[in-house]
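Per-chain numbering from 1; labels A, B, C, D, E and F assigned in written order.
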């Protein structure tokens, strides 16, 4: 029987949504206020969900301290109190929508987890807008 | 890779649970206080989840403003500050349980979304009781 | 030194806002959708806050079970799954706005508590609209 | 079409994490503060999710009162205000990690539900750490 | 008897904390990551609390729609999806800490409310850090 | 003008409520399940609220990092993952009710804060039961 463990984390960041190959008018039409040239920002809340078998010796699917440290190194350190467009190389040429951010986080964590574990990441951009990526 | 975007919405409504083909006694036995002939009500909170591929031009699965407006037109306008039994035709002959309401909302939204998108709807009747419909 | 103890409770009810001495037009203008003749409803969440000295024998300001039972008898039983306008005598001639409901709840609880205790009541009509009455 | 109904519940309990076949040093290394010999505790919050078809007579997948009573009998009564290691036989020889607790709860509820219903249980050990078991 | 009505609102903004009369080293020492030259951001959640007497004709202390519109005009329009340092004149020479933002919001709303009403504003910079200003 | 800054923190602990000068019967009657001889536990959530003037150089009432570290040293380190009755000297002879715990926390923090600052502490024992101490 497989069990999923979930860990919450968070980071605060600025961003701006726009497509550099479009005109200003089209960017304003599609991205509205999110296209503010001076940036705006969010408290991003993150739920990382890891599914696997329970280790009979520890009773853990994954040690929550290990998972917490992994999220800290792979997500919080590079993203927290940053400008996603300017400070995070992954978004130099990729629009930092919630969808693209959650895929980037999923890829970073997937690369560090055992293949015996499944991974799903949910990212809240606001309490009303959030996204989920399970890699399928 | 497919990503799910979630949008929260809400409406406040009155309702009453009963089956008109049953006796009053059976309605009271099954529906208890929910069968109050004068109605009671809830703050319904809604999470609409749409799954699809990320559009490489926008970075969106679906424009959240489009989804927000769709929920407003299809759910909030017809349901908010209404008596579900009396004011919403779908519940003239269908008992407005959370289960039946979430199916009605799912059907309304499903009809307006591209077939390339999957849809799941979660409806909170109270913070302790909620239901989910994914159409499968 | 005085300490405040807070207890959460909740009830679900229908209501309608209107002033019977006004025209329909004025009621619609002031109360909008809240004036739906067929009622709408809410999940009312309640925080009852009682301030007093700590009893050195129990370590309690007030036994939380006593407070919970008092809220059940004075608020939940008469208000839960009710139509506030039709089923609660206090609102036969008083408009059941959040303000008037919280005053009614404050008065009911105040009458049952020792005068050595201060009382404040907060009532959430929705997660975004709430009111507080401390009797001063 | 199948619908999932979710019901929240909660219990407060003490526990200690350790493996009796390990040395104290290894227990401290793996379980850290959770290995406090005098126990610590949590407010466990539970979401029980039951999936099935809607009964056309009631509009229910399962009567929420029946589900609430089942959770009370099978989970809240045996677990609430208990020391999981000392008071709950299931954890005499099983480490009461969140993963092992959610499997125990899933097994208890699964045994009492019709086979036409699917079951998933989510258990919050803290607001930041939680686990899910769907029996697959 | 006076009653307080509370209304929640929110805006998303970027900001940077620094004192232009200090060296970079001192700014880094005091403001740490918050001094990122490229800005970071938050989902600011706001609770506006207005205290007054209940109007016996409406049952309202203040019409929630009026309060909602006031918050929209005075706070959400000028602050939402903005860079507080660059786009909001009030913070050209004032450090946009949560404390200074809540005072600015309090002053804006105070100027528009009847003197018979008391005002308190609570501003969440994150779910873990928040500030309150009641003007006293 | 004075502003209040609030910081959330948390600790998980076991406790048992009883009065050693009473009979077992009286302890069971007054404290019920909370008198379980093997202890139970809670996720205690804490809000520490500090009121003072805004420092014009920093824009802070108190540096949130300083407040966070103070709470860590004075509350989280001595209380987290502890048995309050056995591991915390303050509760060797004082019943660890929420009321007595919040007074102990208030006293610990009050001793470390400048007298120009006011202090209030709110302690959630569960999401439904919480207490506040402002030292007056």
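Everything below uses one rule, namely that a contact is a pair of C-beta atoms (placed from the backbone, for glycine too) under 8 Å apart; a residue touches a chain by one contact, two chains touch by 3 or more.
Please read these numbers as outputs of a predicted model, since none were measured by experiment.
Between chain A and chain D, the centres computed from C-alpha atoms are 28 Å apart.
For the pair chain B and chain E, the distance between C-alpha centroids works out to 34 Å.
For chain A, residues that reach two or more other chains under the stated contact definition are 127.
Contact topology of the protein chains: irregular, matching none of line, ring, star or complete. Chains that are in contact with each other form these pairs: A-B, A-D, A-E, B-C, B-D, C-E, C-F, D-F, E-F.
Note for the complex: chain E touches chain C at residues 1-8, 49, 54, 57-61, 63-65.
Those residues of chain C lying in contact with chain B across their complex are 10, 12-15, 33-34, 36, 38-43, 45, 80-83, 86-87, 126-127. By the touch criterion given at the top, residues 17, 19, 30, 32, 94-100, 102-103, 127-133, 135-136 of chain D touch chain A in their complex.
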